[in-house]
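Chain nomenclature is as follows: A, B, C and D, assigned in order of appearance, with residue numbering initiated at 1 for each chain independently.
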Amino acid sequence: MELILTLQCKDQPGIVNAVTSAILKCNGNITENQQFTDPQSQIFVMRTRFETDETETTCHQILARDLTRFDSALTLRGADRKKKALVLVTKEDHCLRELLYLHDLGELPIEIPAVMSNHDDLRAVAEGHEIRFDSFPDLGKSEQEILISAAIEKYEIDFVILARYMQILSQEFCESMAGNIINIHHSFLPGFKGAKPYHQAHARGVKIIGATAHFVTGDLDEGPIIEQDVAPVNHSKGPDALVAIGRDIERRVLAKAVQLFAEDRIFLVGNRTIIFS
Amino acid sequence: MELILTLQCKDQPGIVNAVTSAILKCNGNITENQQFTDPQSQIFVMRTRFETDETETTCHQILARDLTRFDSALTLRGADRKKKALVLVTKEDHCLRELLYLHDLGELPIEIPAVMSNHDDLRAVAEGHEIRFDSFPDLGKSEQEILISAAIEKYEIDFVILARYMQILSQEFCESMAGNIINIHHSFLPGFKGAKPYHQAHARGVKIIGATAHFVTGDLDEGPIIEQDVAPVNHSKGPDALVAIGRDIERRVLAKAVQLFAEDRIFLVGNRTIIFS
Amino acid sequence: MELILTLQCKDQPGIVNAVTSAILKCNGNITENQQFTDPQSQIFVMRTRFETDETETTCHQILARDLTRFDSALTLRGADRKKKALVLVTKEDHCLRELLYLHDLGELPIEIPAVMSNHDDLRAVAEGHEIRFDSFPDLGKSEQEILISAAIEKYEIDFVILARYMQILSQEFCESMAGNIINIHHSFLPGFKGAKPYHQAHARGVKIIGATAHFVTGDLDEGPIIEQDVAPVNHSKGPDALVAIGRDIERRVLAKAVQLFAEDRIFLVGNRTIIFS
Amino acid sequence: MELILTLQCKDQPGIVNAVTSAILKCNGNITENQQFTDPQSQIFVMRTRFETDETETTCHQILARDLTRFDSALTLRGADRKKKALVLVTKEDHCLRELLYLHDLGELPIEIPAVMSNHDDLRAVAEGHEIRFDSFPDLGKSEQEILISAAIEKYEIDFVILARYMQILSQEFCESMAGNIINIHHSFLPGFKGAKPYHQAHARGVKIIGATAHFVTGDLDEGPIIEQDVAPVNHSKGPDALVAIGRDIERRVLAKAVQLFAEDRIFLVGNRTIIFS
């Protein structure tokens, strides 16, 4: 059996030694290990994968007891226990299709108990992949969030993927799922504020466009960045072509971010992520 | 002898035919040709390289006469007549070194009659490459521009390269050299306004940083974009490391933009560039 | 109505002038034009898109007549008349899924009358997208090619896409469709010959893997290159992970090559392609 | 004081625990740590940077004693003690210039006691950067290697950089410096054997060219890969342009590989590298 341990705490002497000692007590053999101390915040983060014949419960008891003095955020998870994602969508299908495609291929180690939407447009896409689809086209925002929260509870959802979900979530909802909501957003060098960003980008003749996957905080497009990628463009691409290229980058970047999250590779330190890729 | 023709005008039927007919009258053989009609502005641009035994003067007369009805901006230049660049620098040397290095290698088809600076720090770099270096550390901004303008006249400068020149040029100066001043600037996804951008980028944990070469308009960092490039970064890079990576991108992007300009490959249409790379 | 003209011939004076004169006679207005003379072979290629109120037949007559003296390969096609592709697959689905996904999105301007396969595995994928699927699992190679050739005739196929088709086509078949069969193949720096290339690449610790889309000649993996792309990898990726990353590159590169072909942007000059992207 | 520890051995339980325990005995505080177990070879590698008030000698004694049972290859080095590189060149200057440029900037943490060459061409480049230049244009290969070996001893050289050194080193020399000679080589997808590779690449119309930095084994271009990068090209680039682009990639890739080596980030496992970047 393989377990994935993550740990985050104030940096202090002896942490790694204590972790590895505790894993030895679990009869564990470390197969992967990454750690990093952030020089700015002096926060220490660590991700360790180890094999053991002990149960997850036993290991958790040993680790929690031996590491208690470090006052750390500790997680332990069986490597084959997949995280459960709730995917929220509106009308655009490119991100949803990419997630379902990679999920079908077995390259995205998550479970998707349901797709939910404030529109009915993507029902056929979800159901074509045999994923449950719930829509709430006629509800107000707060009623929508009640349904979403109920689904999170019912399906024991670990994280929410905003796969081009065009509703702004309430501050309360964001806080209740803090660090567990992933959004995808177009990005440009330089950035463009306001409406029709691809038209603005075109008007300045940008040569590179991109996309950013990030955690959602109150401010929809300003949370900690998880993953980014770009593509070169040129003058022959009108605003519509830029939008199409943007779609292509968005779906790849979102899928990559989901994969990192699914494998416990992302740590949040203040407004930054530390990623063991 | 090879000539490079550029032409820009309102799109209208018969332009290409008129140009190619005129080149035939010059006994010219087209070796390279690119043209583009911008769908937004209906501006037509064209770059044609052709061989001929006629003189540049003869060809210019034929072309100007035959194309007069299109009310076009027309340029004609011997392919081996290098454009003359005035390079302005302050204290950072990475862009200047890159330009001089590529110039020495013969990969940057420009002449550099002089490097000018508001500081004396980079004298050795320029003179080590046997390029004249003039500094004006003690002068006020308007006096500096008088010297720069005098040098532009004296050396018959075609364009100005701001190779990390940390002075803001006056509106008047920018307008007098409109479309002929190239600047280099760091860029991020998303953009960051204000001081210490690399620190801001670090604080959000950006995963990609970049640089933008652009023409200078009144607003120093907002002119039409010529060239952009990016590099991936991660959490292990502190602000200083980001600055170092940024320097590396800046020098490559600036050199590329200068090369495009030197070869008459850039057309300005409104606030956008059309680039035949 | 918009027409796309392509032309390829020995370089000689007056071609562009003759083309643009002929387009004027068609009352055509050029909206896009690219041309290139290959210095090695002295072959001239040109792609021109123009609007006209004349019929395609009328335009073709005018162009064919006026350009006959250049002894050129000339094509003319309505921009909205989609090319018809026959997709051949075996068992791997990643390339087929990508093509069908982009086709559904409207981003791949082709028609796909049928998918054919030497296995039955991908029937559900094709039919799920409402594309006809014909398989021939029990036939010998020459009988397979008879069926494929019959389908090419029946559906008026313009080109064949080998979307991970693991059969070697006969020399005769390749020649009968020369320049109209596109294949996708993994690629490495440096290249690796023989079986299990991803394992070989892993054994040398390669840091970049890629894929190449190319035209098929007799030699399956050696035809003229259309499109290539790469992705960075590192030591943490075992052979299986390399294979997964390779799949991701392959599907993107193949889709890009198909798009270039669908838009008449590829010219074959000897064993090289000239691509107006 | 900061120390960098590297360790490589057969994977076995308790290594990390033993290392971190020993570092605690050194009153060390770990600031950076990376480790990896290669699943194929079951080789464990680790790089740890730690602060301590103890001397390097004391720390080395503690670590060597406590880790002796793991039969590991152990190195310990003060983080500010720069490795000494001997740079070998022939006539091409692009790689040498890049190394000296980054060295001047302080971005390449190495010392360069000397540049040596079988030609005299690059004397001015080296001496312009105040680096000693020794040439041996008239000597046979074995006499050259005697001089090189003498310089390695005299200057206490840690590693050799072949910055476009066009001589094949003897098997004996390569073995005497095994794992400590870095070479740079052009690379293509697919690979091309034999003379004039850029011409071959051009003849197949490759769309991406690259470079590979690798350790030198007996076979000059086949050692373990350290770093690779690529650049897109198109049909408009003739063989000479490809060579120029290749030069640009080569200098960046070589500099990156040297930097990784200088910071003890490269581990050799069989014919592969594990790199903690």
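The criterion applied here is as follows: a contact is a pair of C-beta atoms (placed from the backbone, for glycine too) under 8 Å apart; a residue touches a chain by one contact, two chains touch by 3 or more.
All values derive from a computational prediction rather than experimental measurement.
With every chain reduced to the mean of its CA atoms, the largest distance from chain C is reached by D.
Homomeric contact chain A/chain B is classed as same-residue, with over half of its interface positions used by both copies.
A comparison of the C-D and B-C interfaces places the larger number of contacting C-beta pairs at C-D. Our note on geometry: chain B versus chain C, Cα centroid distance of 36 Å, whole angstroms.
One finds 41 Å separating the Cα centroids of chain C and chain D. Touching of two or more other chains is recorded for residues 32, 36, 39, 236 of chain C. Listing the residues of chain B that touch chain D in their complex gives 32, 93-94, 97, 101, 105, 107, 128, 236, 244, 247.
Those residues of chain C lying in contact with chain B across their complex are 11, 13-14, 16-17, 20-21, 23-24, 29-37, 39. Against chain A, in their complex, chain B makes its touches with residues 36, 38-40, 187-192, 202-208, 210, 212, 221-222, 224-230, 234-236, 238, 270-275, 277.
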